[in-house]
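These are the structures, in structure tokens.
Here come two complexes built around chain A, the first alongside chain B, the second alongside chain C.
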Partner chain A sequence: MANTYTLIASSVLTVATSSVTFSSVPQTFTDLVLKASIGKEDYYNPSFDQYVRAWISVNTNVVSGISGTFMQGNGTAVLSARETETQWWEKGIFTESNSNGANILSSIEAYIPNYAGSGYKLISVDSAQENNTASGDTTRVGAYSGLYSNTVAISDVRLLGTYGNWPVGSSFYLYGIKNS
Partner chain B sequence: MAVTYEPISTYTVSGSTTTTFTFSSIPATYTDLRLVFNGAVGTASLTVAVRYNADTASNYSLTRLYGSGTSTLSNRTSSLNYIPLTDDILIGGSTTIPSFGIIDIFSYTSANYKSALGTVSNDQNGTGNVQKMVSMWRSTSTITSITVYITSAGSYYFASGATATLYGIKAA
Partner chain C sequence: MTNPTKVIVNCETGETEVLPLTAEEIAQMEADALAAAEAEAAREAEAEALAALKASARAKLVAGQPLTEEEAATLVI
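Take a look at the complex of A and B:
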């Protein structure tokens, strides 16, 4: 039987970079899976908040139709919130705390079912970052449910940093899954 | 390299009268199973659920973490007669916005009770929820079939185009 879980493309950073785009995604798979291990950005905007986020967009930053519902825990409390009508899924996909040191990578796994189909598109994201901190608001584990209210096929997937560049060694992998 | 992630079977809903479908004769040659559902279920708040081996007794239980978009909760339910694949609280309400559910069923051929991890991704553009759950089936039997169904079927149906795929995962 043919292999049905296939690496489409990957990017392991050799220079600090603020975004990674997987373009011209083949339309031959059933679902997509995006996995990323991301280090701390090199710039932190104190007016934003302590957390740097990875934003995910499709089809070169669509202008509308993006919404999401998420929940997260920071080691002491949980919350749930949502966003609507944005260009990208930007809240609740946390990568790293500003207090993170070197050698700490955050993990993201995103599942995009039926990305080439004719219906509205979904994305399900798990993200986590842990830094061995016993107190304070510095770690996160989260689950994100996103919707792209458009019937157009997804042809590119992009991850964007919040303000700075991700460090060398951050890695990004896009897989395709076939159901036959 | 050996193929370790294989589709066993896919069911795609056609028409507008489907309320249940079954993956039967599941090979016992894998280590774990993954069931992936993507689809809409109609115009009401409904539960899409699964049962193993057509067991309709109260042999299932569930612990869940739930985010509504404004609040969170964790709860549990014992002695269920099904495992929800998507949830009844806010799923539905649209025939065009799909919901997404995954159940990872571990060691489905073992002689122990069967545990599974579930994810529900159900944003509905202004409403919706996201969930993580663990479930258990109190049976030592090998899972040989999985039925996917709407718990309040009779008036509501899977939307045409809804799909479910059962994958087998081999440890070697």
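Take a look at the complex of A and C:
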């Protein structure tokens, strides 16, 4: 089991932004952990605001080899499926839009083991929302087990909004773990 | 909505850049978002239809009524 846990880089937003990319990730760790706490996105389309989420991608210009299984729930309905994607994982990785709920924060953690190794790359993601008002409405949880069917080492990790900016104060941390 | 930007944190240098999205990136983001939302709406509709079918099958079983082929398929493994 890994016994070190080192902050590689972080970003606490001072301007609203739609994506955060950690580039030139050092290849000296065993695993990566990405943690994010995200406020509500200023999403533009109320017709789809229940589908607002964060999208995770690795490296640049990936156009194939992304797949995974997700499970998501909101307290009344549960949905699960296995899917092939093109560039990123996003099912069940929830964030929230400005027009939905109140005071909702979304917490996301992604774990990427053996990111610099020579095998296909795995990712596990969990997301949870908390509403710090009494009603606690619209909160959701999700989990994703993803596969990047490529042996290239991961050098970039990106978290992308649906179609708008995340607010100032949202925070993003990339950690490296070594097994010795 | 304010114009989307992107933040790039270079892990080697520690430098952080904030850049505006290009028109092409914004258009792609919108297309991806709508496609994903539509796909999920379709998945949810499918799940709701299955749940309704199961409920109907259960009600008919309790009432002693014959099930349709579709309803029976939701109960038989």
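Quick note on the criterion: the second predicted complex is superposed on the first by the 159 of 180 C-alpha atoms of A that agree within 3 Å, B and C clash if a C-alpha of one lies under 4 Å from a C-alpha of the other, contacts with A are read in each partner's own complex, and residues count from 1 in each chain.
Basically, contacts are C-beta pairs under 8 Å (C-beta built on N, C-alpha and C of every residue); 3 or more make two chains touch, one makes a residue touch a chain.
Model, not experiment: these values are computed from the prediction.
Enquirer: Identify the partner contact of A:Gly68: answer first if only chain B is touched, second if only chain C is, both if each is, neither if none is.
Expert: first
Enquirer: Once chain A of both complexes is superposed, is A:Asn131 in touch with chain B (first), chain C (second), both, or neither?
Expert: neither
Enquirer: In the superposed arrangement, does A:Thr4 touch chain B (first), chain C (second), both or neither?
Expert: Only chain B is touched by A:Thr4; chain C is not.
Enquirer: Where does A:Ser107 make contact in the superposed view: on chain B (first), on chain C (second), on both, or on neither?
Expert: A:Ser107 sits against neither chain B nor chain C.
Enquirer: Using the superposition on chain A described above, determine whether A:Ala81 touches chain B (first), chain C (second), both, or neither.
Expert: After superposing on A, A:Ala81 lies in contact with both chain B and chain C.
Enquirer: With the two structures laid over each other on chain A, which partner does A:Val25 touch: chain B (first), chain C (second), both, or neither?
Expert: Touch partner of A:Val25: chain C, not chain B.
Enquirer: Contact-wise, after the overlay, does A:Ala16 reach chain B, chain C, both or neither (first, second, both, neither)?
Expert: Only chain C is touched by A:Ala16; chain B is not.
Enquirer: Enumerate the residues of chain A that count as touching chain B in its complex and touching chain C in the other.
Expert: 79, 81
Enquirer: Once bound in the complex, which stretches of chain A touch chain C?
Expert: 8-11, 13, 15-26, 42-45, 48, 51, 53, 55, 77, 79, 81, 90-91, 160-165, 172, 174
Enquirer: Which of the residues in chain C end up touching chain A in this complex?
Expert: Its residues touching chain A are 1-2, 4-14, 16, 18, 21, 29-30, 32-34, 36-37, 40-41, 43-44, 47.
Enquirer: Which bits of chain A are touching chain B when the two form their complex?
Expert: Touch list, chain A to chain B: 1-5, 30-31, 67-71, 78-82, 84-85, 111, 113-114, 117-120, 122-124, 126, 143-147, 149, 177-180.
Enquirer: Which bits of chain B are touching chain A when the two form their complex?
Expert: 3-7, 10, 36, 38, 40, 65-72, 96-100, 102, 119-126, 128-132, 161, 163, 165, 167
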